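Take a look at the structures listed below.
Each of the next two complexes has chain A plus one other chain: chain B in the first, chain C in the second.
Presenting the complex of A and B:
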């Protein structure tokens, strides 16, 4: 047991024993490090930063390429210093609020409609041809129309985000129900279930993972859409910071904004994954 | 009245489930192609009899079982359960599926008590009943496991307990051990006999395996090897349980069935 214990909590497996130690010595330690996942992750990050420094200092784009520490310093600066009346946290919250509202509206409309379409073939026949026409339109394509309809304020941005979230939420709920293993209905009917029980005891729980996967896609669509919405006429939000960075020739604002967006989006996705494990601890069985 | 006749009358009185002239025609390509899957099936199963239907793949045996389950309506003919026509699936018949078909979002306990829940049995009572059947199939300690955490044999134990827990008049098993490895399959056959002997039911068991059929059945019905599906012949198995696969009478019967069905193993 002791021989295979990991070193310093980072999971390095050492081959020990006096003979081996003498023969292999330092080389074994290096090899152990190279086999360690986290060590390799660290090397990857260091390599990336080195390339970034090189690009910022020596490459042909170096004029508009800040170094990592310049980006970091700029983010620290605007965290305490207001841009257009808001600090970094304020801008982040402005974007996040739009995303959450738009996501909420899109999901609240998309999931029930998808469920009803999958359950009722008449409603499906009525809605599907129109939905199929709108489905491939990128949400960004709605920007101009949204501004004409709702002006340049919050409404038009939320509208675009809601459309971005609506489509995947609907598609996943719809497919989730249609792909339920028909044998499960046989099983519940043999056990004495009526039509309503089929719906509540089989259809919804069986489709739940697919619906939840729809939430995840909807959320990433919402993030993509908020940036697009803010790139066109906004006075707040992470999209505004990025556009501002372009206007005032401050690429560190752009890159910093991009990184923060990625971090927040990643955090949201992780939270949803965690939530999914909590609310459906059973693995989806693919047969 | 001759002795044979009298036995027949007695049997028909005790008949639990009866198929009368059951035929099934599937239409394909918008009705232009008809496939005769079953033709004139006449069958009576006595109360508490263990009937095994043997046939190769695609001989209509699963379709026959689904008709008895009420999941499919025959094109002509009818199936009676206690002299009442079967027209839809219902909890008086317990079906065990070839592909387990457990509810993956429910634990073993949740699966077993599903039928009772659907019929509105109170929580404490259905827990108690479900626990009884879980222990009957030898799954104590696995109540909280989800189906994906169970092996194939254990999944099918849950499937059997789920069907049993509803207290059905007839158990219908559709190649229940077809997906198991040989050792587990043999073990499950032993378990099936044990469970059936401790809580007798009328059982209709579909399989493609002659050994399994002889090991389990009171009576074996073989199907024709090609469509339309018809009953070929009937065998009584008068061996004491538990049976031995190497018993001379077992082997003789196996030999006879194999000779006569030709297509089968």
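Presenting the complex of A and C:
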């Protein structure tokens, strides 16, 4: 705080000072710094941390606000110590396992159904209206019914995640096929392709980037759904950690958990982006 | 035209949606009626319909009328959503055009962005309690992100030719921003509004499930506690219908406001 005040004071002195050239030189330097993106990034992060420290130490909400180093210490502590019978890695794995199973089920059901609906208009006419009934319902709204049906164990969570992943997987594969450029079909027909070749050589490869984008949405939905399911009722997982922090009045545990959750989410997104470049290099960049 | 009388291919395609929806509800009713799915696990559609009318006039057993739940949920969602628009869209637009705004806001934004919306719930309850302000904070935190992203991308996708032309005519930085970048970003901004709304509504239901004393999420949760599957299904239906309805309103607004503008690119 003191430092920034003295800098501000300095600036005012320079402005009112007599040395015109010196002032302009200093201004140009400041302007240059303000144009430099990386310098601004640094300023922003430092400012954020300073405000956080100030809020945690001096403001009226300081009781509810841990300092950054308290959060860091808490993260180190839960990494080493057991929390409700599991280490941090154990909780992380509990969440990820649910996500992977639910995501697998949701995608395995959603993609084929979407493809069939896009290819066959009779199936589309029969299934689409029912799907449209369920589509606007958030996956989390299923949670009570899921707990009623499957109990509070793993199955109900996997069910929620599967629903969360199913909807975007289906929508994207359906739209992906319907939005294939018709000129591609004309081309393959002109080259003498039959219906089978049309499907395997044109439809699926052309729709694949959209389907893969559906995977990305489905995975982030799955990660959000698992947290929601664990917040409502669980004894393990990252969602349980942050709700535990709320119950035992430990804000550093909540924020530490949120940081880990955000890191995992970022990691999942990045790895899917990387995978996308590997498996469908023909994807056109959006203009 | 058609040699086959009455049932041609076109007719089948036109009738099939109604048939399948009818079959769906009939099957649902029969499955529960015959006891294949026990009544404690699922209610019949007729029971749900009956409960809908009962709940319109009767506050028991969860303490509020149906429309009170709906209005409270909608109010919380819309308040947080509007605050997110007011902050997010100008911020995103400025970030798209001015280096200063981007440099200062980008790192903070990138820190917050990967946090899934529901992960804010414990912190918000911890800070603000289970009342209105906590819910509004949660919704704000999750709805502001698509607003910023889409406004930012919208400005970034402005056709450079237009900007260069404006510069040739001597427009200042600010004029280019207000006259060219903002209008050309509008379709993207509206795409962001849709995404933000869907997110806000989902997150609100989650928040109400975890801690609240009124609202549609609370209705669903009470249905589970009281072992009333009809109440759960009614709550889910209301959530779905309301979500669909506000989506339709935004869609209509978008068509009104961006008439004549083409949606630039797609926002996967």
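Just so it is clear, the second predicted complex is superposed on the first by the 243 of 287 C-alpha atoms of A that agree within 3 Å, B and C clash if a C-alpha of one lies under 4 Å from a C-alpha of the other, contacts with A are read in each partner's own complex, and residues count from 1 in each chain.
The definition used in the following text is that contacts are C-beta pairs under 8 Å (C-beta built on N, C-alpha and C of every residue); 3 or more make two chains touch, one makes a residue touch a chain.
Worth saying up front: this structure is predicted, and the values here are computed from it rather than measured.
Asker: Will chain C clash with chain B on chain A after the two structures are superposed, or do they fit?
Answerer: After superposition on chain A, which the two structures share, chain B sits beside chain C with no clash.
Asker: Contact-wise, after the overlay, does A:248 reach chain B, chain C, both or neither (first, second, both, neither)?
Answerer: Neither partner.
Asker: Please determine whether it is chain B or chain C that touches the greater number of chain A residues.
Answerer: The partner making contact with more of chain A's residues is C.
Asker: For A:141, is the partner it touches chain B (first), chain C (second), both, or none of the two (neither)?
Answerer: A:141 sits against chain C, while chain B stays out of touch.
Asker: Applying the touch criterion given at the start, work out whether A:266 contacts chain B, chain C, both or neither, answering first, second, both or neither.
Answerer: Only chain C; A:266 stays clear of chain B.
Asker: Is A:26 touching the first partner chain B, the second partner chain C, both, or neither of them?
Answerer: Touch partners of A:26: none, neither chain B nor chain C.
Asker: Report, in whole Å, the shortest distance between any C-alpha atom of chain B and any C-alpha atom of chain C after the two complexes are superposed.
Answerer: Result, nearest C-alpha distance in the overlay: 12 Å.
Asker: Can you give me the overlap between the chain B contact set and the chain C contact set on chain A?
Answerer: On chain A, the overlap between the chain B and chain C contacts is residues 287.
Asker: Mind listing the chain C positions that touch chain A in their complex?
Answerer: For this pair, the touching residues of chain C are 12-13, 16-21, 24, 40-42, 99-100, 102-108, 111-112, 114-123, 125-127, 201-202, 205-206, 209-210, 217, 220-221, 223-224, 227, 229, 232-233, 235-237, 239-241, 243-244, 247, 265-266, 268.
Asker: Quick check: in the complex, which residue numbers of chain B touch chain A?
Answerer: Touch residues, chain B against chain A: 69, 71, 88-91, 93-95, 97, 99, 101-106, 114-115, 117-119, 146-148, 162-163, 166.
Asker: If we count contacts the way the header does, which residues on chain A are in touch with chain B in the complex?
Answerer: Those residues of chain A that touch chain B are 181, 183-184, 186-194, 197, 201-202, 205-206, 208, 280-285, 287.
Asker: Within the complex, which stretch of chain A touches chain C?
Answerer: Residues 34-37, 39-41, 43-45, 47-48, 61, 64, 121-122, 125-130, 133-134, 136-145, 147-149, 210, 213, 220, 223-224, 227-228, 231-232, 239, 242-243, 245-246, 249, 251, 254-255, 257-258, 261-263, 265-266, 269, 286-287.
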